[in-house]
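Everything on this sheet refers to the single structure shown next.
Letters A, B and C name the chains as they come in the text, with residue numbers starting at 1 for each one.
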Amino acid sequence: MKLILAIVQDKDANILSNEFIDANIRATKLSTTGGFLRSGNTTFIVGVEDDRVEEVLELIKQTSHARQQFMTPPANLDPMGDSSMPYPIEVQVGGATVFVMPVDQFHHF
Amino acid sequence: MKLILAIVQDKDANILSNEFIDANIRATKLSTTGGFLRSGNTTFIVGVEDDRVEEVLELIKQTSHARQQFMTPPANLDPMGDSSMPYPIEVQVGGATVFVMPVDQFHHF
Amino acid sequence: MKLILAIVQDKDANILSNEFIDANIRATKLSTTGGFLRSGNTTFIVGVEDDRVEEVLELIKQTSHARQQFMTPPANLDPMGDSSMPYPIEVQVGGATVFVMPVDQFHHF
């Protein structure tokens, strides 16, 4: 048995939750504070048998890895009143921090 | 020293908190998100000496184990306008997922 | 790699967060429930290399240790209508509970 603690971006949390449900992996979601420190993240606690650790890591990696994305800024952000259309900029989204931890005992009451 | 992570139903959390206080066991409660994934759960972090692990597990088991409960549905849920009284149905409540984890160092500053 | 779980008072959480940022230590903050059980606390999850554990512990100790503080109660708490000024009383603030835990695998996707 291992406990996997996964911290992902809020925007990836719903998809990851659904992947866990599809794979019949029980996960608990902790709310993280909005705020100055890594705000907008969701923490998952997942308990799995040792032989499913790789599967869980793969799900997290696939749904939540850091990647570049094009985003079009809203037009009214232009401070000069320039009438040209805004163009898409590339931003990094996603990214997951994952700890796999040993477990001495697991119980389900 | 062990860290016990216990995920219980919200409806059992208050009683369990009081049991911990009565037993002089220090517990920290984390809020879980309302939502689609195991919503309505509360996560406790409990730090205890090895020789009190069994006692903590027993408290969690006694207050939070899965059990059947009779619940009477509200009368106005009957879509047919039937005037008969609603009868109690049996539902499962409670249930706890518990991890006992090794601790390298414990500090209280 | 170690996972450090630190539970500190809310009033010390902002300063500790800033210390972590200054030291380039990545921390995730979990909200704790307001309520009857150790309310007003914040839980940090910090992942660090073994050789930085002492540094993290020292930051937590310095910013969040229990200490005595003088606090002046508000004047309108006097039930006798006594017109004398309230005098400062000494209260304990702060205090941190810290677990250093082993980690089998650490990933950053």
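Assume contacts are C-beta pairs under 8 Å (C-beta built on N, C-alpha and C of every residue); 3 or more make two chains touch, one makes a residue touch a chain.
Chain labels with UniProt names: A, B, C = Cyclic-di-AMP receptor.
Source: prediction; values computed, not measured.
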Interface residue overlap between copies chain A and chain B, same or different (over half shared): different
Rotation in the CA alignment of chain B with chain C, degrees, nearest 5: 120
For chain A paired with chain B, centre-to-centre distance based on mean C-alpha positions, whole Å: 26
Two or more partner chains touched - positions in chain B: 30-31, 101-102
Residue ranges of chain C touching chain A (in the complex, touch as defined): 1, 3, 14, 17, 20-21, 26-31, 42, 45, 47, 101-109
Chain C contact footprint on chain A (complex, rising order): 2, 5, 7, 30-33, 35-38, 41, 43, 53, 57, 60-61, 64-66, 95-102
